[in-house]
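Labels A, B and C are assigned to the chains in the order they are written; within every chain, residues are numbered from 1.
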Amino acid sequence: MTMTEATMVRVYLAEGQNQLEPLIKRLHDWEKVRGVTVFRGISGFGPSGEVHASRIVDMSLDLPVVVEFFDAPDKVASILEHLNNEFSPGHIVSWTVYMNTGGDN
Amino acid sequence: MTMTEATMVRVYLAEGQNQLEPLIKRLHDWEKVRGVTVFRGISGFGPSGEVHASRIVDMSLDLPVVVEFFDAPDKVASILEHLNNEFSPGHIVSWTVYMNTGGDN
Amino acid sequence: MTMTEATMVRVYLAEGQNQLEPLIKRLHDWEKVRGVTVFRGISGFGPSGEVHASRIVDMSLDLPVVVEFFDAPDKVASILEHLNNEFSPGHIVSWTVYMNTGGDN
């Protein structure tokens, strides 16, 4: 089993703030990260303390959204140099993970 | 780029067990964590081995739900002192992450 | 507060690829992991660069799906021996977490 170190990142947004599309576009077109997955929460609150929730999930514009991606530590470090200043404090977290390399060699 | 250490927590619940609202209320009103995001899974099983799944996601009451939050290590440690005893074994996990502080200084 | 080390795993799939059911079945029936939660993303892209997204979440067959589970490090290591070769490179990540054991002793 071969695994390699990677850095995982989660960026926390609210759906109504128009930050999602530019971020995905940046990660896809420019940074060319290996992959990105976007999750929508069903409820949440941020530093403002205001609760964002919905019973009709797909119709809300104000639900929490998390953009998750992982890639080689060096590449992610350089992406975070930019992103960390672009998002409010406490909206990006990262940690080290081990990624499968798909083979025994 | 400035980042600071934080502890990430994920708490695993089932939607029909009435644990979600008291937990969110506690984290919001009392513990005053920086932020919380709640995710609903589309399927899952717990230690009982019983599979919870639904094709009509929003109508099920028995789907897995994950409550995710992160904050300063000391603050989270004190929250976990309480939560770890309140939830069945294996329903809370935590790990260290690095959080953006939003500026170069 | 007692916590014990565990290994968290996330496996990234696309819904239309018929990998989800066999994986859940394997983890449930054979590996007997403590629990599994399946999340559906609302958008994402993989190494191909092709974006999978949908406005009508429940009708898409091509959305990203994440299968998450955690268990004792030894048990997970043996599960990953198998899974790491079964999935394309970069589709499985794992890291160490601390799990509640539900009591003070």
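Observations on the structure shown:
Operating definition for what follows: contacts are C-beta pairs under 8 Å (C-beta built on N, C-alpha and C of every residue); 3 or more make two chains touch, one makes a residue touch a chain.
Keep in mind the model is a prediction, meaning the values are calculated, not measured.
Rounded to a multiple of 5, the Cα-based rotation taking chain A onto chain C is 120 degrees. Under half of the residue numbers at the interface between copies chain A and chain B are found on both sides, making the touching surfaces mostly different. Averaging Cα coordinates per chain places chain A and chain B 17 Å apart. Shown for chain C are the residues that touch two or more other chains, namely 39, 95. Against chain C, in their complex, chain B makes its touches with residues 12, 39, 41-47, 49, 51, 55-57, 64, 66, 80-81, 83-85, 87-95.
Put simply, chain C touches chain B in their complex at residues 1-3, 6, 8, 24, 28, 32, 34-40, 58, 65, 70, 95-104.
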